[in-house]
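Before I ask anything, let me first share the structure, which is written out below as structure tokens.
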Amino acid sequence: MLYPNVETFIGCDSSYRAASIVLYGAPYDSTTSYRPGARFGPAAIRHESYGLETYSPYQNADLTDFDIFDSGDLELCFGSSESALADIQSRAAEILHDGKFPLLLGGEHLVTLGAVRAMVEKYPDLHIVHFDAHADLRDDYLGAKLSHACVLRRCHDLIGDGRIHQFCIRSGDRTEFEFAAAHTEMHKFDFTGLAQLTEQLCASKVPVYLTIDLDCLDPSCFPGTGTPEAGGVSFLQLLEAIRTVTKANIVGADLNELAPTLDTTGVSTATACKVLRELLIALDKGWPGFQV
Amino acid sequence: MLYPNVETFIGCDSSYRAASIVLYGAPYDSTTSYRPGARFGPAAIRHESYGLETYSPYQNADLTDFDIFDSGDLELCFGSSESALADIQSRAAEILHDGKFPLLLGGEHLVTLGAVRAMVEKYPDLHIVHFDAHADLRDDYLGAKLSHACVLRRCHDLIGDGRIHQFCIRSGDRTEFEFAAAHTEMHKFDFTGLAQLTEQLCASKVPVYLTIDLDCLDPSCFPGTGTPEAGGVSFLQLLEAIRTVTKANIVGADLNELAPTLDTTGVSTATACKVLRELLIALDKGWPGFQV
Amino acid sequence: MLYPNVETFIGCDSSYRAASIVLYGAPYDSTTSYRPGARFGPAAIRHESYGLETYSPYQNADLTDFDIFDSGDLELCFGSSESALADIQSRAAEILHDGKFPLLLGGEHLVTLGAVRAMVEKYPDLHIVHFDAHADLRDDYLGAKLSHACVLRRCHDLIGDGRIHQFCIRSGDRTEFEFAAAHTEMHKFDFTGLAQLTEQLCASKVPVYLTIDLDCLDPSCFPGTGTPEAGGVSFLQLLEAIRTVTKANIVGADLNELAPTLDTTGVSTATACKVLRELLIALDKGWPGFQV
Amino acid sequence: MLYPNVETFIGCDSSYRAASIVLYGAPYDSTTSYRPGARFGPAAIRHESYGLETYSPYQNADLTDFDIFDSGDLELCFGSSESALADIQSRAAEILHDGKFPLLLGGEHLVTLGAVRAMVEKYPDLHIVHFDAHADLRDDYLGAKLSHACVLRRCHDLIGDGRIHQFCIRSGDRTEFEFAAAHTEMHKFDFTGLAQLTEQLCASKVPVYLTIDLDCLDPSCFPGTGTPEAGGVSFLQLLEAIRTVTKANIVGADLNELAPTLDTTGVSTATACKVLRELLIALDKGWPGFQV
Amino acid sequence: MLYPNVETFIGCDSSYRAASIVLYGAPYDSTTSYRPGARFGPAAIRHESYGLETYSPYQNADLTDFDIFDSGDLELCFGSSESALADIQSRAAEILHDGKFPLLLGGEHLVTLGAVRAMVEKYPDLHIVHFDAHADLRDDYLGAKLSHACVLRRCHDLIGDGRIHQFCIRSGDRTEFEFAAAHTEMHKFDFTGLAQLTEQLCASKVPVYLTIDLDCLDPSCFPGTGTPEAGGVSFLQLLEAIRTVTKANIVGADLNELAPTLDTTGVSTATACKVLRELLIALDKGWPGFQV
Amino acid sequence: MLYPNVETFIGCDSSYRAASIVLYGAPYDSTTSYRPGARFGPAAIRHESYGLETYSPYQNADLTDFDIFDSGDLELCFGSSESALADIQSRAAEILHDGKFPLLLGGEHLVTLGAVRAMVEKYPDLHIVHFDAHADLRDDYLGAKLSHACVLRRCHDLIGDGRIHQFCIRSGDRTEFEFAAAHTEMHKFDFTGLAQLTEQLCASKVPVYLTIDLDCLDPSCFPGTGTPEAGGVSFLQLLEAIRTVTKANIVGADLNELAPTLDTTGVSTATACKVLRELLIALDKGWPGFQV
């Protein structure tokens, strides 16, 4: 008896029933203004993960120690953002309803809005921690309210002032930085301030959504993204940030903006896979002794 | 005194006032379902045209003999097809109003709908000649009515049965071929029937819109497109088809679906440039003696 | 309730029990002497098939009309050909034992030997029809008896003179052509003689194994292969050859030597997908009226 | 009324009359000895700049606050260095004559010589600050006096000892390092010494020409250049160096050796665009509070 | 005892003394106006030839049957055409003086002029047979008399009217076609007329130089060249043309304009290798029975 | 008189007799489990070295000051690891027998085993210093004992506990890290501990074999390798490590796992060339004053 070909992120072969974390992919990039290709991100992460070990020497833990389920990619309608966001929200709500942790793989950053809409219904006091090169705070982009360049602004519409915490930001127009000064907590260029914020989030026990735009990484280690911005953080800095922030009460997360075909060396995809492995392990429990 | 940097398709440096043909680009590909990148097509054609001669040995004529104006690219809103189509329609209408011939450079094939909407207002009895690998006759694609896979179906909504003439079609789902059997004139695989059709179009003097999806070409000579389909026509066959059909009363045209970054050799872009040169010359007047 | 991510060749979603044809992949290329990468072939064909329609306008049939099962890829040991061949033979034998048709996706051409070993056990009077740019008739290659350059010679060891029928051959050393003159039926350069051979095979009703090295195609339409050889056949010629030879009593088949990363345009993979679709349909039944 | 397609570096849309800084491109690379392609640099910087914001969070300033004019590329004769240099010199002289700041975009590094010839006529006491991986101090290269490998040596011919200040140098033959020890001020490997030099230049108020070979950057962040040299500086180090040296009396500048097609990720071009944005802002005025 | 690493075109390992044909490479492309890279041609042909068989099934002959010597590449001065041409002429003259057949590997097409200067000294009544997409008949290109776009014009300066025979030409400005009508024998688009010309050349026994610009091939099979031109001949057509024209009294030859890095599939280089193998065999003797 | 084309690593043109260091290449990668291509490493290093200077400003020394011989690549049998290892061992033994230093260029890391087998025969008390991202300590990989993932484990079979010293390790399965804890001296992530180890090795004067897997470098500066692992060391850190460890009694060395075609920018190959230059100089004598 032969079985059909199942393809999941490496080491994520729990049953849905047993799983504590559920991966779901949103291969959408219709509003990307510069270079499209993030639609290919989740499939590439899943496919190339077979070049990765399940064991992390950084956290001395193994993906196979945990119960993680990979539900594959949603089939989204290119060209209709509202329809795509509805499908994402619905999937996130289902996972939340079943008492599991939803971990979204983008796609362009707009997909975060679908997940956040579902999160806010369950957690009205949600905070968002946002790692990104771009502020994503425009009110509209060439007339579109639903654009990857506006996604944190739309989140702000939902959760209001003082609850969005931004790190690594190094690109935006002047009005976005002015908006941030008034309405969000923005840390430019790197992770300065993250440890202090995490302490506050831990103390208050508020629910936190973590959204990671992989272009927070420097283009030297992550060129495969739509709008690369020189001057970013290193892989080890991101790793440390993930291990820091996951001490807070994270209730949902996403990883987005890998555009794998833009980097033919495959390094960007391999790096995204490793970030996901470390994120999954860090979310599952807080490991002591980061060894770098 | 120095002048700003003007970039047009080679040899298209007439003033707008004097021009008989006006180029306009629509860098849009948000509904592309498989591989995006057609947004980069019109700029690539314009930029790489400096590697082309203005003289055509096939038609013994030179682009500089004619009055052609290149108005550059529209700034379109990614992620909102209706908004993008409105901008395209408006530009086409302006060109038509000024008594000039609008020649649209896509972008994905959906952009054709914007132009056809403007054409139909001026020419209610419009026919469409369609060169393409794909039927593009779906009623919707994953729920979207405005998709590159539906564009000829939307044109059919506007102009009705028996006025769409399709050539080179070699891909589609079964229902599209069934729709074509009932509502359009479809020629599969190549240009068989084009000479006869042209005679009829010439005799009836009806206004004709010519839409060329460059993926009608075989992927061996044109790999740089979103959905390449083996088994297409050669460059010389396309050239002959253009010289044939332009004997009819062509009142508008477009060239689309070059996705230049998908072909790093640059051959697809160079070929698109040459197709555009030959199309411009053939439109301007009917040259005798195709020499292949 | 969510389901794990199943990835098959498009339209091949029958159950194993119901299936008449079973796909199995052999991602192996350790003996490739020039440019490796065929190991990535079967996964690429499966993954990129979502850009393909299930309907064939050439054969007016649809993959979804048939019962085909995709069992995914074997996990083979790189660097040990004997071990890899044993695993392939075992899988082929299991499929044959269950009364189904085994269709192998390579991988380098050596994988054919694993399948043929299983076929010969069931069909001692097996003939092989071989489409390839290369003779693959060396007795050894740099000392190795198990090499992609020797695979038809090893098949000859198993089935003997006059039962290997080669087409499109345009590369080899002089001794291979001399061996062919004495021991196989070789047709150089193209498919001349295939119709006549098929008539003989049909008349004798002998069981036939069909092995297609995709480098029989011209590099213009199929550059993504380890050793491209100028002067090959076109996609339409291959399509016609497939529709011709499948009138014989084909009992097993393979498609190999796609090295997808060597062709960054993706055209080679898209073409391999279409060849596989047409092969599956042609194998399932003999359709009249090839329309080119 | 439609307008022709004007393409400038983003935010550089002043009139020539109003402009204080004038960009001019020199798409020349005929003497490049290893890997050509720098000829495509200026057009790529201009074209890809639309993916960049005009606002700099590093300097809290916006390109649109300033008056900058982009005069496009010179049409240079490939294969004749003397002729190309004459055209560059003439353009630089015209800009200087009109009381504006000439900012040259290369091209290979030899183009600097054309600009320096014009600068020296106006500023006989010119100093040159040189950021580069290579010493460029050969007296000839395979017999050619006019080669990118000799360009600073030719500048030394014009301005003499002690007036060339070199930074980041990590490649050259032994004689070049010996020449530097006797005739220039060379700082190997990084920007050590730049702050001190700048103080001296400020104190003396001498006119300074700044020439930036982008290969001073490490290949990890800037692979798209003819001769990449491991061990370079980071983007943030270069940014800081630019903000330091622009406190001196800079009277002309250039940015060269981007070879965009060598880096298909597009990161090198995006980085060059950002370096140019920061350079333009830093030149326009000295902003306090660099925030990294 | 170990030996140093010798790298020649496959099968060309005769001693210089014994050789009848001598290969020499001219890695020069400084005057290339569009896309450089032909400088890498000869080394790529030599290096990648190990993927080729020495045996030709087309001519039933083997490179190892002949005495061919590969002298490697000249070290030419980039940026000085006159100097490079002098070195090429000197090498060609030396080979001619030693009574051997010089076969030059370019490089851009300008290198032909160096060889032709040497040929004309020995054979004042030289004819040139020229396979190319481009007329190469400009009197100057942006002021340069020595440019790849002028090379046949410079040859005409040397040998005069009626002795240049051009085939496959499909690009040029109008004046070049007018010059050809008056001064050369030009066959547009393909090899029509070659058989007839060869008969005349055989009858008159004049010495003939054969210059093959590989861009005569269609870009579908040869994209790796500086200025690809759609509408060219196939590999098999070129093969037949080579076997036809080599019946004449060929006294020298060249193969040029492979730019290997422009085609990352490697197909262009592999095709150039095969063209060279077939040319070497055809030159060595006239084999009967071309089998396509 | 013309000479055949000799191609060596730049500056390595000593005679074999006079040489103290002998380079030999092992273009083998049949057991590579993820992405093949290391077979192309040694030829690429040799070919691209002409873009490198022979002079090192880091060590103020020149390759031409030393006597180094490049014996080219072995012709190895793809698909048979035991046969390939025997050929490598034999070549290493010959070089050792002649009293010279063998420096092996891989190829995949398995090739090290061939060299170590020869080294151990001559130096039974051999230690191994190992720079790598991967532990390479599996007992078998999918059943194969001879795999690149097992190579240090096979070395351990030969030399036993406490004599393998590993640095930069950041990937492996859990059992490999457990094996290392018991049997080797492993330093995770970077070169911490190398200076101290070197002192011990110097004091004991034991013979040391140095094996450098270039994937110890961060993928940002070295993407061209089969299994890139984020979080590696920089070029300057590797340079310093090489200059440190070469103070010990190094008796043999290798450099492996460059897969040049995976990095189309060429930076990985250029970096490998520079690492080899610095390694050769550092091995030849211990230079004071590393200047970074």
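Per-chain residue numbering starts at 1, and chain names A, B, C, D, E and F are given in the order in which the chains are listed.
Definition applied: a contact is a pair of C-beta atoms (placed from the backbone, for glycine too) under 8 Å apart; a residue touches a chain by one contact, two chains touch by 3 or more.
Please read these numbers as outputs of a predicted model, since none were measured by experiment.
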So, comparing C-alpha centroids, which chain is the farthest one from chain D?
C
Compare the contact pairs of A-F with each of A-C, B-C or D-E and report the one sharing over half of them by residue number.
B-C
Centroid spacing, where centroids are CA-atom means, of chain B and chain F in whole angstrom
56
Length of the line joining the C-alpha centres of chain B and chain E, rounded to whole Å
38
Considering chain C alone, which of its residues make contact with at least two other chains?
218, 220-221, 264
Name the graph shape formed by the protein chains and their touching pairs; answer line, ring, star, complete or other.
other
Every chain pair meeting the contact rule
A-B, A-C, A-D, A-F, B-C, B-D, B-E, C-E, C-F, D-E, D-F, E-F
As the complex stands, chain C meets chain F at residues 29-33, 36-37, 39, 75-81, 83, 110, 141-144, 146-147
As the complex stands, chain A meets chain D at residues 34-35, 169-174, 177, 188-189, 218-221, 223-224, 227-231, 262-264
Over in the complex, which chain C residues touch chain A? Could you list them?
1-8, 13, 16, 22, 24, 43, 46-47, 69-73, 94-95, 264
Note: in the complex, chain B contacts chain E through residues 50-51, 53-55, 57-58, 62, 218, 220-221, 235-236, 239, 264-267, 270-271, 274-275, 291-292
